[in-house]
Each structure stands twice: as C-alpha cells, then as structure tokens.
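Pasting the structures here.
Two complexes are shown next, each including chain A; its partner changes from chain B in the first to chain C in the second.
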Partner chain A sequence: MTPTDTRDARSRTTTPPPPGDAVPSEREDPPLASTQEIQAGLGEILEEVAGVTPADATPEKSFTDDLDVDSLSMVEIATAVEDKFGVAIPDDQLANIKTVGDAISFIESNQ
Partner chain B sequence: MSTIALTEGAPGARILGIGGYRPRRRVTNDELAQVMDTNDEWIQSRVGIAERRWADDDETLVEMAVAAGGKALAASGLSPDQVDLVILASASLRHPIPGIGPQVAHRLGIPRPGAFDLNAGCAGFCYALGLASDAVRSGSARNVVIIGVERLTDVTDRDDRATAVIFADGAGAVVVGPSDEPGIGPVAWGSDGDQFSAIEIDVESTFLTMAGQAVYRWATTKLTETLQEAMAKAGVTAADIDVFAPHQANLRIIESMAKKLGFGEGTVVARDIVQAGNTSAASIPLALGALLESGEAKSGDLALVLGYGAGLTFAGQVLRLP
Partner chain C sequence: MSSTADVVVTGLGATTPLGADVDSTWQALLAGRSGISRITDDWVMDFPAQLVARLAADPADQIDRVRARRLDRSQQVAVIAAEQAWKESGAADAGVAPERIAVVFGTGIGGALTLLGQDDVLEEKGPKRVSPFTIPMLMPNGPAAAVGLAIGAKGGVHAPVSACASGAEAIRWGLDLLRFDRADVVLVGGTEACVHPLPMAGFAAMRAMSTRNDEPERASRPFDKGRDGFVLGEGAAALVLERADSAAARGARVHARLAGAGATADGYDLVAPHPEGEGAGRAIGAALRDAGLSATDVGHVNAHATSTPVGDTAEASAIRNALGEHVLVSATKSQTGHLLGAAGALESVFTILALREQIVPATANLDDPDDDAAVQALDIVRGEPRKAELRAAVNDSFGFGGHNIALVFTTA
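So, the complex of A and B:
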C-alpha cells in the first residue's frame, strides 16, 4: 500500500530538536525557507486549493475579503502548508490568520 | 467438567436487501434563504446541498424506521420470523428510555428478536453493519435488520445558518444474512475521543453544535487512512471499487476523499447529500439505495462505505451490493 501524502505529513516532526542534541536523526530537517520561497509556495497552494492566481496572493490581501477563500478552504490551505513546509497550523491559530502576510509570518516563525 | 457449546455461524455475511424512507417535505435552499441570512450559492459552495427533507410531526423516528425496515425486509425476500436481531442506529433520540429498537422490531412483525439502539453518531450505520456481519458469522443471529434513522431537525436550531442548512431527516435500512462468499469485509473502526466536543448537543440549548473547521480537517486528513485500512483488510484496492459511498456529511469532504483515494474513472461516487442533506446514521443506506434505484450502481458491485461523526467515531468496510 502506498502511503498517502497525509501520512507523510503527520509523521514529519514539526518541533525542532533541543539545542545541543547530538543524536543524529534519521530525517534531516529541511533548510529554512526564505520569505520569498514561502510566498511563492503559498501562491502555489492558493492556486491549487482555491483557484487564486499566484500573482494576486500578495501579503496585504485578505483571504476571505480579497481572494474569496472560505473557511473550509482555509483548512485545506492549512493542511497543504503542513505538507509543504512542515508547519502545523492548529484550528485556533488558523482563526487569527486573516491575510497572506499573516500566513507568511506564521510559517516563518514556526518553521 | 462440562464445556460451553458454541453456535455454528455462516462462512460469510452479505446485504440481502436495502430500503429507505425520505420524509415528504422537501426544503430547498431558496426556501431557507427566505427565513435566514443565507442563499443557494453560499450553501452549495460550502456543503453541496441543494435541498433536504424535513420530517413532519407524524413522521416520527419509529414510523420512519418501520417504513425503511419494512422495505429492506421486502427486498431481502425474508419473512420477519427469520430475523433474530434488530440494531437501530440513531443519534437523535429525544427520549432515550426506552430505546426504540424493540418497538420498531415489534412493528415489523419480528417475533422477540434481540433489539437495541446504537449511538455512534453518523458512524452508527457502519458500526451496526460490523456487528451484524459478526453476529451472522458467529451464529448469534441468522439474519439481522439494521436501521439508521434520524430526525436531526429536532435537535437543530432552525435559526442557526451554520447547522440548519445541513442537517436533515430520514431513514435507511438493510438486512444482513448468511452467504458462502463474503459480501461484507472486515470493519475498520475506531474513535478519536479527544475531540468529543467537536460535534455535540449543547446541554443548555439542546441544539446540535459543530466545530466545522476541526471536523472538516479531521475528515479530510485522518480518515483517508481508515478507508485504506478497510480496503486492505478486505484484500482489494481502489481500482476494484465500483461505488464509493461515504457518509453524506459535506460534498467537499466526499470529493476530497475520492480524490485522495484515486479511484478509476468508472467508480461511482455517491452524492445523495445534494438532495438529502446530512441524515447522519441514515445517509449511507439511503445513498446506496438511491444509486441502485437510479441504475448508477448495480447488484454485485463492490462498494466502499465509511461512516464518521460525533464522538468522534469512524467505521468503514467494503461490501457487495445486493
């Protein structure tokens, strides 16, 4: 049976190892994504999930008001972000993410 | 020392007949838009529902259950005295004592069967199907009647646009009996009790509330694994599935699950929710019955079913359509 994307995402560790942890991990942490890379990645996710043109996904845009992304699509974006960046966005945090910029900041500070 | 004797069961179990009852009153999105702040476009894009059925006062849980159970019995070709067990799955009983399983069984003319109610939320039908299959295979029952019945409008705040547009009423039933060739695969079931409050009837208001985003996330991520498990246990793959009939909770969840599983082009996906709304424990037998009636599915087709809901609970299996 082929593991699904979902299973991959769930097995990925999202908490960084404690400082000075010398135990070699089986899976190396991916290098941190730059702001530009995050914005580009988020653009791809928005296009896939909600049909948003990536060029429109600029930081000041509101998901609901400007990009017509509804609450369930926000959940799909959250799970796609977890798959792509290894950053989990819990439901209570998701409610605070109103703009593309909010999402970029959240990913940056939690990756 | 005397030993305890055991009953002899059947090599396999299968569904012998399906029956359903849809309440008379059709409620369209436009009708709802006249009484609450919503519209057809909003409802269709969020949950994929165009209309739903709401039960009138005389369409009680017992009456709807008897109607659906009677049709399933007739379709099975069995007489009531061949049934030993009746499982009534419901999450909308307003009066939990007594349970209505015995009364429904009596009304169906089944003489003194084992009869009880089962509350596993919207997963109730698949939980009952797992138990019924095991009962037939172990010899605890020759044949079993399962009925999923709901009057969710009794527990829904009709002024709450987040839930009133979704939840509906109806009943769906099947008869499970013995077969040489297995017609019901092993159940893949479980629960996530840490999310017990994600779908609940609020004690104060007595109305159903749902954490929509949390439930949507759970359904579209964690349950893919359960569907894979149900297929693996039955020894089949997505390419073998003719009919995919998950609980009719939300069309977007149904489409998301179907996409992730990667069925072939010929797989029929049940979308009864468009006409029926979310009927909880009744939704899967209602959807299967509708597909057989319309000819989209046919006898002998291999179906994958999955119930999931309040608890949170989930259960899925592969089965052959009667």
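So, the complex of A and C:
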C-alpha cells in the first residue's frame, strides 16, 4: 500500500482530537519572531508549498514574477503562515502582498 | 481533410499494476504475472472484498514532489502515462503548433481520493483548512487538463466520462477530432486511482467485486465458472494519435492503425448489461463498418470481461454474434484487475501490441470455462500466449450506464 492509502485509511480510523486540543497552547501566544526567523520560516513554507529553493526567497522577490507562485499556492502559503507564526492574513491583505519582503513586513507588524 | 482519413498510433504510455511503463507491463502480461494483492490495512477488516490491483510503481517516484502535491493521484498517473506516450511519439519535436494539439483523457470516478481526503479535513479541522487545490484535483476533467498543460496542448482538452468505457471513449473522440481536422495530433487515454474505503464499499455493495480474498492472484477469472466479480485496479494509459500522412511525413514510428470505432448504448438498465450483449454487439458491428472491414478480417478481441457473472457471458454472446467463433479472445483483467476509466486505454495498448508483436495474451485463471454456449464456442486463449497472424483486432469497453465502445485496430 502506498502512503496515500495508509494516510486515507488512518484518517478513517483515527478519532479527531477534541476541539480544545486542536491548537497547541503555545501557538495562542507565540514568542515574537525576528526578521531573520520570519524570512527563514517563510523560506521553509515556500519550499514545501511551491518548491522554491530557500536561498532564492529573498525580500525583493515577487511571488508571481520571480518565484512562480500562483494564486492558489498563495492561499496555501497564507494558511501555513498562520500555522507557523500565528498571524492570519485576511484575503484583502493577501492581495497586497506581492513580494517576500511584503510578507515579512506583514507578519512582523501583526504578530 | 477527410472524414475517412487514416489515423495511426505513434506513441504509447502506461503505468499499471503490472509495470511502470508499457514495456514492463506487456512483458509481465505475457509472463502471466498478476498485479493483484490483498489489502492489509486495518480499515479493510470488515470489508467483504479486500483485493486490489495496486500500481507497480509509486507515482511519487515518477513525478516531482511539488508538482505531485497539486495533482490528485488519478492526475499524477495520467500525466506519467501521457508524458511517456508523448515522448515516445516524438511529436514534441515535430513542430506542431500548440493550437493543433488536442487532449482527450477520460476517468470513471475522478479525484475521489482528494474529495474524500478533503472531506476528512473539513470534518476534522473546518472549512478554512480545506486545500485551495481541492476542486482542480477532484474535477473529472482534471486529468485531461493536467495532461493538456503537461504537453502544451491548446487545440482543445476534453474529458469523456462514461464509467469503465471512458478510456475507450477518449480514443474514439480522438479519432473523430483527427478525421474532422480539429487537430493534427491528439493525445488520448484514461486514468483511475480510487482505492479508498468508500468506492470499495460502494462496488462491494453492488455485489460487483470478487470476495476470493484468500487467493488474490486467482480472484479475477473472466469467463471461468468460478468467477465472482472484478478486482479494483489503478493506473493510466495513453496513446498518441495522428493522421497517417502527417505521421509518415515526419517519419514517426507507427505502432498500429486506428481503423474504426463504434459507440452504442444498451437502453436496457442503468448498470446491468443486456443479457445477450445486444448493445455491445452493435458497437462491434458499427466499429467494423466504420473501419470498412468484415468480421472475418478480425483475428483477436481484447474483451472487456471484468470477471462478473453477468457481464462476461453477455459479452461472449456479443462477440460471437458480431464476429463469429474464429477470433482469439483475451481477458487481460485477469492479471491487471479492472482499471475502470483507464481500462479501455490500457487494453487498447494491449490490443495494439498484440497486432504489432503478432501474439495474443493468455487469459489467466480460466480453469473451467462457463457452461454458457457462447463462452464454450469462443476460442479464449489460456495457458500461454498464442502466436497468430493478425491483421485486425477489436478492443471492447463497456461502462455502468449502458455505454458500449468498440475500437478496431489494424497492423501498421
């Protein structure tokens, strides 16, 4: 059986955690991340979601023009940012985030 | 342009329970190997039917990780098979304008793994956690669209959906597109990857699946007295079609000619086949007329024969009535399992290779042919593959809904 199948199978048989445990408590009040930590964390997200080499995820890079990140991947990135930094990016703000630097600034000022 | 233009097959691709490509699949088929095994996951414990024909090669080993995570498994295998066929055809280097390249790729179930997996996410984590790729991964035209992007097709991308006839229907549509000059090259095929508790439970509830759980490799036994249902398989197969004159002009290798196609509907029942295969026989007859051939020209039939009690005898009657008793019949699902929407495409690949190599694959597990008169009358190849002088061969494909497709291939 492949990983896909066992994952599907597990999801059928595993009881979901109670709602109160779904979000680890430290995520509710995360320590503030430095600019370098945010850039590194964003780099990890970009690698996972869009296959971007972390070294390429520098502040001046445009998500669409330079890193080939499409609009649906931006939605995934926003979800991952919320998981990692506890910062939710509203849709109207997401549209204004054009570069890696924009994302870093948004996370920095909203964490 | 001519509505009777010769159409040829210039590329083949597949990833199946028997192999990661066409050659390994064909060699395993001729060697009599089975792609069927028993599921060992916990969820299957209270399932009546526990058998499956899993892919021989994990798609994760054949496709880039970032690309794969945006594609449902049915799309991944479609793209793998399509890129194999496309590469083999050499069409990419032939200078064909993207606007003259079309895709027709069918599926029976579509992105079931994505649909069901994201439903779990929805229930466990809520709507905001559902992937933005959910819809493009589950839509039934998703495999065709992914294949179209992979080869840069801009001449139209189509997705026939006719259950287990989808793969064969894609080939028929491709033939029409070329005959009516809608495109110069058409990549056609079928895909399926829906091994998951829900489809397994649904097919089992229809009493359509084999429950011979203790003998996986002997479970799929078309035309045999002891058959008790099909075994669900996964995989994809693809073919590159083009008009004979342009294929010859660019010096393409031609595997076989796609000489004709016939499509009918039973008009009888939503799922049960007509007992004498009336609609199936008409599809074969229509395909022969379309090809300008007579029944005596046809030497081989790759049967749809899924190993269900009713379906196999109905098809045997259809073959006997439409073609006679001289044809050499193979039921390759005995080794591959039933790939649903990919079945017609994969079995067309087998039909083409039988013509090209002049050898008819054997039907595994046919120990004791059914007492049905038509089954008894037909020459169903068993034991070992049989060498034969073949000029034309037919591939049958039928789907729930009463869909019947017959395709006629001839030697290059």
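We take it that the second predicted complex is superposed on the first by the 83 of 111 C-alpha atoms of A that agree within 3 Å, B and C clash if a C-alpha of one lies under 4 Å from a C-alpha of the other, contacts with A are read in each partner's own complex, and residues count from 1 in each chain.
The criterion applied here is as follows: contacts are C-beta pairs under 8 Å (C-beta built on N, C-alpha and C of every residue); 3 or more make two chains touch, one makes a residue touch a chain.
Note that the structure is a prediction, hence the values are computed from the model and not measured.
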First (chain B), second (chain C), both or neither touched by A:72: both
First, second, both or neither for A:61, with chain B first and chain C second: neither
Superposition-derived comparison: chain B or chain C, residues of chain A touched: C
Partner chain in contact with A:91 - chain B first, chain C second, else both or neither: first
Touching partner for A:50 - first (chain B), second (chain C), both, neither: second
Touching both chain B and chain C, residues of chain A: 1, 4-7, 9, 72, 75-76, 79
Residues on chain A engaged by chain B in the complex (per definition of touch): 1, 4-7, 9-10, 70-72, 74-76, 78-79, 91, 94
Contacting residues of chain C [partner chain A, same complex]: 39-43, 54-55, 58, 60, 64-67, 70, 73, 113, 116-117, 120, 123-125, 128-129, 131-133, 136, 195-197
Chain B to chain A touching residues, read off their complex: 45-46, 211-214, 216-217, 220-222, 224-225, 228, 232, 250, 252, 256, 260
Complex contact set, residues of chain A against chain C: 1-9, 11-13, 16, 22, 49-51, 72-73, 75-76, 79
